[in-house]
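We just call them A, B, C, D and E in the order they show up, numbering each chain from 1.
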């Protein structure tokens, strides 16, 4: 047990890889066994990751469960892991969503099951590694390799223009990552020039002082990498394609975890490494964020494809999170991180439901759907719950995040925040309208031919209920009782802001905004 | 002294021109030999000027290489001719893009 | 937790438990869930009454259940404020809810969504209770939205009907528009005061600049406009009548729509420090009162008429709070809740009897067939028209008197005219439905509603005729005023009384207006002294305007919805696909084109390879030249 | 007379000289042994030559390992043997080893003599090793030509195959043309410095007086000849490194040559050329007035951009890899431009990594050529991922490594050279290179797309249509040799991506000996 | 000496030009031989009689005979009238001219290193240049010499592989 606790992060990260090794010898014909075993192992992983939550100390901002070994001494790269309040929850989210999406794919994934579960588990390893890495090179290795399993998942089990989408997803994000790599290498070299030794240790690199002009250039480089991943308007066009064509499990992971990496990158890397540039550029980024909120919402309203609609809603939600993060107030950043988790849960659930509908109706065109509510009451209620969570209905999780973001950002950017707030109206418009058309609309309507799959539409079975139940419970839990989450996020956020404030050039300008001065 | 190098340069360029302009593989090959010879002339001239011998040694090796290359090149040209029935350079156009 | 805090938290607990129970296990309880739900709410009501007396005989208190959101400097708990204002609301909400629940058992008897109905009705009651007792703005906002959500669900209860689900969606979205303002107000409030707690906020209001207060107040008022269906966001309420009638009674007459008024009364300190904002409230209220009454004049759908009357009556309440007469506003709120609830219940009873028929033109002569319903309806109508001794008379008069005495003559005049119109349209309804000759389908078996429905109606009718007496002696001496005024001592008296017109003069005018209205309706529809058609033709444009609800929906559709959809379509089809994605694909395509060009270099010709190489040589040598 | 002659060797010194060329000598010995097999008709067709070659290379590696750590100079400074050579010898020998391993399956499909084939490969390997260790211009020239001639012969080895002959022809004409520039360049170098020995040139240049001329430092008097000589010399080497615009032979020769030889050209020849260029660059180019880095900068950018762009639309896997190798040459050059110990070490690391990813990819290509796919067209690869899971996965992995995705050696190598360039301030170069790698990924993953994500309409041209039927490998089974080659490549590609430190140490050791010259 | 230099230079350049401009490869070959002779003349002028002899033996004797043999063997006295790409020709000429200009400009402008070597032509004449070359070839450049031998050997194998019709 002591061993387990000491190397818990390593164990968590590489457990899925071990699981892959367990699965490899199994004959690919034996699909049932592969599925069940993979799901079981991912469940185990989730349970194991819960230990992190239990043993996490909420009273400190310091990285916990730290592990550090030399990796490439020549570059000063090390195998350096550790988590704080933010990565903690993202890791939990990852393990949960992997389990959920494996469970959700029983019906959808019919061929190449072995490849699918292996890729999913590999993906989990790399996602966890990215969240836990505190060494930039290690982070980058995990970060970029993560693209691959996802790329395969979209390309091999996707629908429609899957190859186009997969390639677009891969190349677009790769291009961003490489530009980001440029920035990271640059920072690494600057640190070398200042101190005379190579290191990729994030905590040491935080102390690099870089001239402001250079910081801005580097920030733009890092920004491109992370912004494409987020994705922020106008770098979002890979997202609707990838989401739309990916299989359900892929969409869930994509929306639930992969989109988090951009924000996480900003939080962990771009902003603390380049604090002054971040502060100088923050207003512009907030503007982009606000545009993203509205743009995503507007475009969602007119979507005809169910999945594409949800995908565009992600653009809108991510806009909120960007605004919250770059408003640089304790409240808004808390909100942004919280909303990050919420988005994972809500949108993940939305994609699950969309997937279930697609599996049954064999279409995602909104106009071809309708009348489902009558056939499947459980589906309706649960789907409605996640729609409302996404809308930001109070009592569910989405509200807390959005509210914190907006109330926090309002101090820094009142006008922009007000504009952004109008996004909550449009969120209601597109999601409720969608819900109405998909679930209620008269299937015998003249506008579209009657979808005969409706006849055999069955309500959610036990497996599906179990699939979504954790997410639904989380929606309520995080809405009614956010304290355990915010408690653990809080110290990290405060530390983050303190670090920012240590860089004195714009210290005075932002001191008032952050609310730290009177905290 | 420079005179020799200039002559060498001129012959070298004539060789290059030949390679550039001609399509008959044999003539192209002969142009290449011209280029090599231009270099040889340069070596001998420089070697003489600097009171050294290594340039002359170099020339001998260039000749060896030229001979070896001649053997291989003519072999390939013969093989090419056997396959295509011509020694027109432009007929070597199967591999492209 | 002592006794009173336990009671405080038990009151919302019952409906909450009800929601979960009927929601999860409703299908096993079958029809039983209706009785259980009513019982649960009944318990809440009894507890509320107990709490009422506790507060009435001691003093208010606050209590925190658990810390809720804690981020940075924002610390918000789930906490309650129990004072006279909230207990009155509690009693009203739970009381009306109990009656409506009981009524619903009969009304919804055969519906297959029976449990779902009670589940959400309980959730609504829970949300409303929490809204009333919440002690901070965030919690208020949460349940403010939550009641909106319940309204959405219950309006769209019969979701198979497109109009129903459309109406639900419309209600939610229009409310969101108002909430957008409300949320912004909260942000500004938090920015200025750094807290969301009522007491702390109110303590700071006097020190805040007036402009800030005004802006905050107006933003909060925007939320109230949405929730209480004031112009220009009133459009959702008439459509909301697609929901089951008891829902209309409970949510769209008695409780939720009054949340806006309640909120302003709750924030009276804020509003009283901003005369401008209050004036806006007054103007919006006055206009809405008149405007809605004007539309109600010509409608044929009985529920819609009652709905417009709700909008109109809420306008009165806003008039009251707009001039700082918070007690008067609250008084009208309470009495309106009862008589409007009554009107809706009876309208539901009519529908029940007519198998869902709502069109006035297909009714008539119902009095003989459903006496209880008719009589209770008339009681409600009289209360609405402000005929003594029914409650509406006292409460509406209190408002109009205050309006006059505080010097807002124009508003008063409009109020009186509206009163006349109100009396006219409600009696037009009564006459056409109950007394004019029958146009009911011959095949329809018209019957009185079962006891379980009529008893709540009778109780409410009794209340509607008696509750007004809380309002005597008139004006500032009434029981109600004295009871509630304690809570408003912090308010700034921004609109002092300038006239001292005796109450009976003003009352007489009001009563006269009401009677004239009734008389006109009588002339038109019973005596047939004047042909309604003639009048219709005489004022054709005005009639059309009223009949088509002043084309507000159409205007919104034309000015906002359609252009926006076009714009969004443009964003998607042009900006997203053509420009942004086009750029991305364009880059990819450009690389493809480059590739075609690059591969031309590799054309398979030895000649050109030699050429390429030579160009390279020449260029490299040239570099030395230009170095 | 005696004063002009070099000192006569003592026994010791001769021993030392011999010692310095033992690895090459072993290879040449085995080359002759293999060749003698031809005389015995009976065993000529058997696999003896194949095994003998492998044994020879193994022996050579053994000798290299045994000699490692020594610092030898032989034959009056004609050759040197030190850490740099150890590294590159091992690289070249491994490349040769892999070539021989993958050759057997391929070459047996054709009616050509085997012993000569293997023996020329061995000769080629020895030429490369001589090239790497050569320390005077004559040695450089002659071993370069030796290597080239072996390559010409091997390229055109498939007699009667028009593509093969054509490739050899093109390669030969262009190669000779480029050699002419190289040798003409050495005339000018010789004229400027009067030495052929690289170390002597280096010493001469180090001690020469510099004259201030405007803002430039000009070498006293000889700068013109030296510059033009170095430029022309560089062209000859750039041709072997296949840098744009001296790349033109690459796609055609790679395409037409027997696939194992393509692999050999892409790995061995390229490494040898880079190695010798790096040595000469460090010894001579650094001491000239012209900033050669400017030219190299442009060449690097052009090479990567051209290579990547041209590869985008390639459907022939060999041509695709050829274009990719042009681009890779550009990346490798960045390390040299970046310079410094870090940069050279990075270059060597990248070269080492490059061998395995390229050789591995070609090995897979050979297997596919021999299988029922029997084509070089990527379109035909549709769906092979499910049919040959292991090989396809290996191919995907090599492609990703070439694309520079992490967990592969390609990423580490790129990272290494790029950070070296950033360190020296070549920001734009690195930026362009990174953009290049971004869109280069397109064609690498195109291969993966075809293998794993077959289009519906592709199914009629691919083997996936025949899934279910028991399609075997047409020309016999996959031999252990080629599988071994793939496994070796996979192993190195993975290990260099995951735990590169040992290889970095090796490269550092090698770069240190290079720098200490 | 001067006169001889210009004479040889004229012959060399003229014959080189003829080599690349003759239609018939056989004529070109003959002009090439002429050119080689002119070069041999240069070598004699530079006191390198050994190289001059080698030039004649190896180039004019061996290589050219090989070329002529091939020409005869393939019986290609004339190339079939091939259409030459006009603008390619123009570009070719332009490039050649540029190259020419560059090389000549640099050659004229440059200086060699100051002569420091000890092997003056007097010394060579005294010892005999065959001996000098031989001494160097078999001491300092032994390795290159050995490699050259192997190179020739490989080239023979190569030529044999290519040229033989059937093995």
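Keep in mind that, in the parts below, a contact is a pair of C-beta atoms (placed from the backbone, for glycine too) under 8 Å apart; a residue touches a chain by one contact, two chains touch by 3 or more.
Nothing here was measured: the structure is a model prediction, and the numbers come from that model.
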item: Chains touching both subunit B and subunit C, listed by label; value: D, E
item: Chain whose mean Cα position lies farthest from subunit D; value: C
item: Distance-maximising chain from subunit A - centres being C-alpha averages; value: E
item: D-E compared against C-D, more contacting pairs; value: D-E
item: Averaged-CA centre spacing for the pair subunit E and subunit C, given as whole angstrom; value: 102
item: Intercentroid distance (Cα basis), subunit B paired with subunit A, Å; value: 64
item: Intercentroid distance (Cα basis), subunit D paired with subunit A, Å; value: 43
item: Distance from subunit C to subunit A - Cα centre to Cα centre, in angstrom; value: 37
item: Junction residues of subunit E - those touching two or more other chains; value: 92, 95-96, 99, 103, 106-107, 110, 112-113, 115-119, 132, 136, 140-141, 144, 148, 151, 154-155, 158, 161-162
item: Two or more partner chains touched - positions in subunit D; value: 138, 142, 145, 149, 152-153, 156, 159, 168-170, 173, 177, 188, 191, 194, 227-228, 251-252, 314, 439, 442
item: Subunit B: positions in contact with at least two other chains; value: 5, 12, 15-16, 19-20, 23, 29, 46-47, 49-50, 52, 54, 57, 61, 64-65, 68-69, 72, 76-77, 79, 89-90, 92, 94-97
item: Touching pairs - complete list by chain label; value: A-C, A-D, B-C, B-D, B-E, C-D, C-E, D-E
item: Subunit B residues within the subunit E interface of the complex; value: 1-7, 9-18, 20-24, 26-27, 29-31, 33-34, 37, 40-41, 44-54, 56-57, 59-61, 63-72, 74-79, 81-82, 86-88, 90
item: Subunit A-touching residues of subunit D, taken from the complex the two chains share; value: 386, 400, 405-407, 411, 415-416, 418-419, 422-423, 427, 430-431, 434-435, 437-439, 441-442, 445-446, 449, 452-453, 455, 499-501, 504-505, 508
item: Touching residues on subunit C, where the partner in the complex is subunit B; value: 599, 602-607, 610-611, 614
item: Residue ranges of subunit E in contact with subunit C within the complex; value: 85, 88, 91-92, 95-96, 98-99, 102-103, 105-106
item: Complex interface listing, subunit A residues touching subunit C; value: 168, 171-172, 234, 236-238, 295, 298-299, 301-303, 329-331, 333-335, 338, 373-374, 388, 393-395, 399-400, 403-404, 406-408, 410-411, 414, 417-418, 421-422, 424-425, 428-429, 432-433, 436, 439-442, 481-483, 486-487, 489-490, 493-494, 515, 518-519
